[in-house]
Amino acid sequence: MKIAVFPGSFDPITRGHEELVLRAVEIFDKVIVAIGINSQKKYMFNLQERLSMLEDVFADFPMVEVTSYEGLTVDFCKKNQSRFLVRGIRNATDFDYESTIAYLNAEMGDGLQTVFLVCRPEFSHFSSTIVREIIKGGGDPSKFLPEGLNLD
Amino acid sequence: MKIAVFPGSFDPITRGHEELVLRAVEIFDKVIVAIGINSQKKYMFNLQERLSMLEDVFADFPMVEVTSYEGLTVDFCKKNQSRFLVRGIRNATDFDYESTIAYLNAEMGDGLQTVFLVCRPEFSHFSSTIVREIIKGGGDPSKFLPEGLNLD
Amino acid sequence: MKIAVFPGSFDPITRGHEELVLRAVEIFDKVIVAIGINSQKKYMFNLQERLSMLEDVFADFPMVEVTSYEGLTVDFCKKNQSRFLVRGIRNATDFDYESTIAYLNAEMGDGLQTVFLVCRPEFSHFSSTIVREIIKGGGDPSKFLPEGLNLD
Amino acid sequence: MKIAVFPGSFDPITRGHEELVLRAVEIFDKVIVAIGINSQKKYMFNLQERLSMLEDVFADFPMVEVTSYEGLTVDFCKKNQSRFLVRGIRNATDFDYESTIAYLNAEMGDGLQTVFLVCRPEFSHFSSTIVREIIKGGGDPSKFLPEGLNLD
Amino acid sequence: MKIAVFPGSFDPITRGHEELVLRAVEIFDKVIVAIGINSQKKYMFNLQERLSMLEDVFADFPMVEVTSYEGLTVDFCKKNQSRFLVRGIRNATDFDYESTIAYLNAEMGDGLQTVFLVCRPEFSHFSSTIVREIIKGGGDPSKFLPEGLNLD
Amino acid sequence: MKIAVFPGSFDPITRGHEELVLRAVEIFDKVIVAIGINSQKKYMFNLQERLSMLEDVFADFPMVEVTSYEGLTVDFCKKNQSRFLVRGIRNATDFDYESTIAYLNAEMGDGLQTVFLVCRPEFSHFSSTIVREIIKGGGDPSKFLPEGLNLD
């Protein structure tokens, strides 16, 4: 069984994330969507809220598992018998950042591979940061969220 | 009347900003230079100081209006009957960031357009960050500021 | 009257080009879509075909003028009293290329400005090159072309 | 069975290509390494030579199939029941180019996905172009080629 | 005597930094590895620890001097009769950032030059940020550190 | 004696090239400006013309040597006891290309180093391509050329 880990903060999950996970499901037998816990970072949504959102969005996908982890991503992958990470890339700047992390994980994780996907162009600029800015500014972020997801 | 909004922090305004605004004035009938208020960000110059600087720099340009706003940029544009944002781009990394914001604003603002300009090459590396670093390091930033602007 | 020149090869025009021209029309009073003639380049469609396509696409837009020119873009702009060029940017690599040309034109054209626009994200990867590849490969490029445009 | 197509010119195959194919083999059940035939392009090695090299390199990998195709990549994938393309990315400029092609293929190929991989950093600058330049300059390209591959 | 300054935070020094300094030593007669003190930034290792690490790593290189400085880099270079800065670049995003700083330093430092180097590809993704993340996650960062360097 | 090679086509030399060579002269004891001969490439100026231009521009600089070479750059460096290449970088796209070549040369040339320089921002968009386009379009390229250089 080919298991991939899709790590992230998901603060909150966007339609872009959703699409990437569903693409990963076509490639792998199981996709673990895993919230990396970083006690030094401030989040808009707490861990429980973020987990609930992910569970809601992927409720109908038995091959998607939702969880969280502390420590290094490579250790989490090892514990879960995963040899693959999945990450979305939006633009050239993203690639420069993500490839650095991918090399790191390959080196720390005995060849742990990162598979890069792009979501469809009309979602390619969606990001959690943008959603948070809209919320802070009093706007309606629903266009950027998975259909049916309610942030309240 | 074609009205453009040039949003930013202007902490402080640089010669690069100044040139971009004057370029925008050639294109549009009115340019609103608008300081976006973000209560969670720390600034070197307070809002009143930043507004005064902008007013000083554009005192001789009746088609330039200086103001500040809270909330989403798209809402500010709507209230001001502006269908255009103006942003300067310095390099490829800037473009990747700014195009994301532009897509967001188009989506939130019913097709609100972003017009990207470049300032002349010799100013293309000027930024407020650089000016603040020079000030913190005890240097003289006047080369990077609009002529005649006094930060004291 | 504010006149902009949108120069290009348009071999052939894509939906992305079309959208950019219509965006430019919102900003300027007149937009001249101008095919730069380069006798050393090979085209899939000859000049007359490319002009006809442009005329078809913009037939209902009296403020769009379609033409061709030889020689430097800055000279063409001068003859047409245009102080503005319009160019679309798709990604970071595009920006690096286009900003170089923009600086050149500013220097050769006494401050001739280039205004950079982005088309909507779902068209942001459209290019004449892609359309030509599809045609060479025997595919149907109509999704990438202005609605109603017939290449035969 | 999950089948991926790794399209390219392979003029000639490099160690970078080799590593990417072997990575793809970990992800997919079958990987078709397919030389796209472009009659307008000049190659250093003819089609038969390039096919032989690929067959040599992947002789011990039954899940790797080597072939060539004419026409659109999306049509080739369809005929081969492949829903996945694999492409390597070396740097930000590569990403800007490859994502454009990926969007095209998704649009032409009913959601045909492109999976982007990176090879290990020490191979990340390897390219067929570099190998050809070394050969033209009279140098020894063997460091850049799959082990045991003989170009003579 | 040609003196170069290699400024940085070195929190902590990586193998990439080490290689870049040793490359700079081939070019210049003396290389000053200088920790810029920024009282507003938080570090994982305090200044004394970072200086000690640098001194350890370059103990056998009499032409490498280790020190720290406050204030502007250009002022530090002037005091040390250095006309050259050395900086490593890992990718395109790095270049966009570093060239901005280089232009600034040239302008503030009467033509102070920045020499950009790349380290070998297999170290090209190493960074202090990555080392700190590994440490925070409870991993072993020794692959990314100069040989023999002990962080405890 | 530290000898650097500045390889290029110089078709024709620009003010940007000139500045980069003069910067290299500050760093190295001798700079060999070397035209790489590529029999498959078409040039606007023939080899003799390009050599003459370089000799004119650097006539007053005894530490600058002008020459041409065939074959690999690494072999030319070896013959000339040079351990350093110098290349200018204009933007992020340039960096992605040049770093690839630098890694190649390091690998082929036993650690042959490439030193990357930037010229001053107002020259940073100058290129031989731009000069050739201006000439083809019937314009005056003298702003982009070394002072006093006459192309006729």
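Here the chain labels run A, B, C, D, E and F in written order, and each chain numbers its own residues starting at 1.
What we mean here is this: contacts are C-beta pairs under 8 Å (C-beta built on N, C-alpha and C of every residue); 3 or more make two chains touch, one makes a residue touch a chain.
Values in this document were obtained by computation on a predicted structure and should not be read as measured data.
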Exercise for review: Please state whether D-E or A-D has more C-beta contact pairs across its interface.
Suggested key: A-D
Check your understanding: Repeat of A-B among A-E, E-F or D-E, where over half of the residue-numbered contact pairs coincide, is which pair?
Key -> A-E
Practice item. Calculate how many whole Å lie between the centre of chain C and the centre of chain F, each centre taken as the average of the chain's C-alpha atoms. Key: 33
Point to revise | Whole-Å gap separating chain B and chain C, where each centre is the average of the chain's CA atoms | key: 28
Practice item. Would you mind pulling out the distance in Å between where the CA atoms of chain B average out and where those of chain F do? Key: 38
Exercise for review: Identify all positions of chain C at which a residue touches two or more other chains, and write them in rising order.
Suggested key: 91-93, 96, 99, 103, 120-121, 125
Revision key, fill the gap. Chain pairs that touch, by label, are A-B, A-C, A-D, A-E, B-C, B-E, B-F, C-D, C-F, D-E, D-F, E-F
Practice item. Name, in rising order, each residue of chain C that touches chain D in their complex. Key: 90-94, 125, 127, 130, 133-134, 137-139, 143
Exercise for review: Over in the complex, which chain D residues touch chain A? Could you list them?
Suggested key: 2, 23, 26-28, 83-84, 89, 91-93, 95-96, 99, 102-103, 106, 113-118, 120-121
Check your understanding: What residues of chain F sit close enough to touch chain D in their complex?
Key -> 71-75, 92-93, 96-97, 99-101, 103-104, 107-108
Review point. Which of the residues in chain D come into contact with chain E in the complex?
Key: 91-93, 120-125
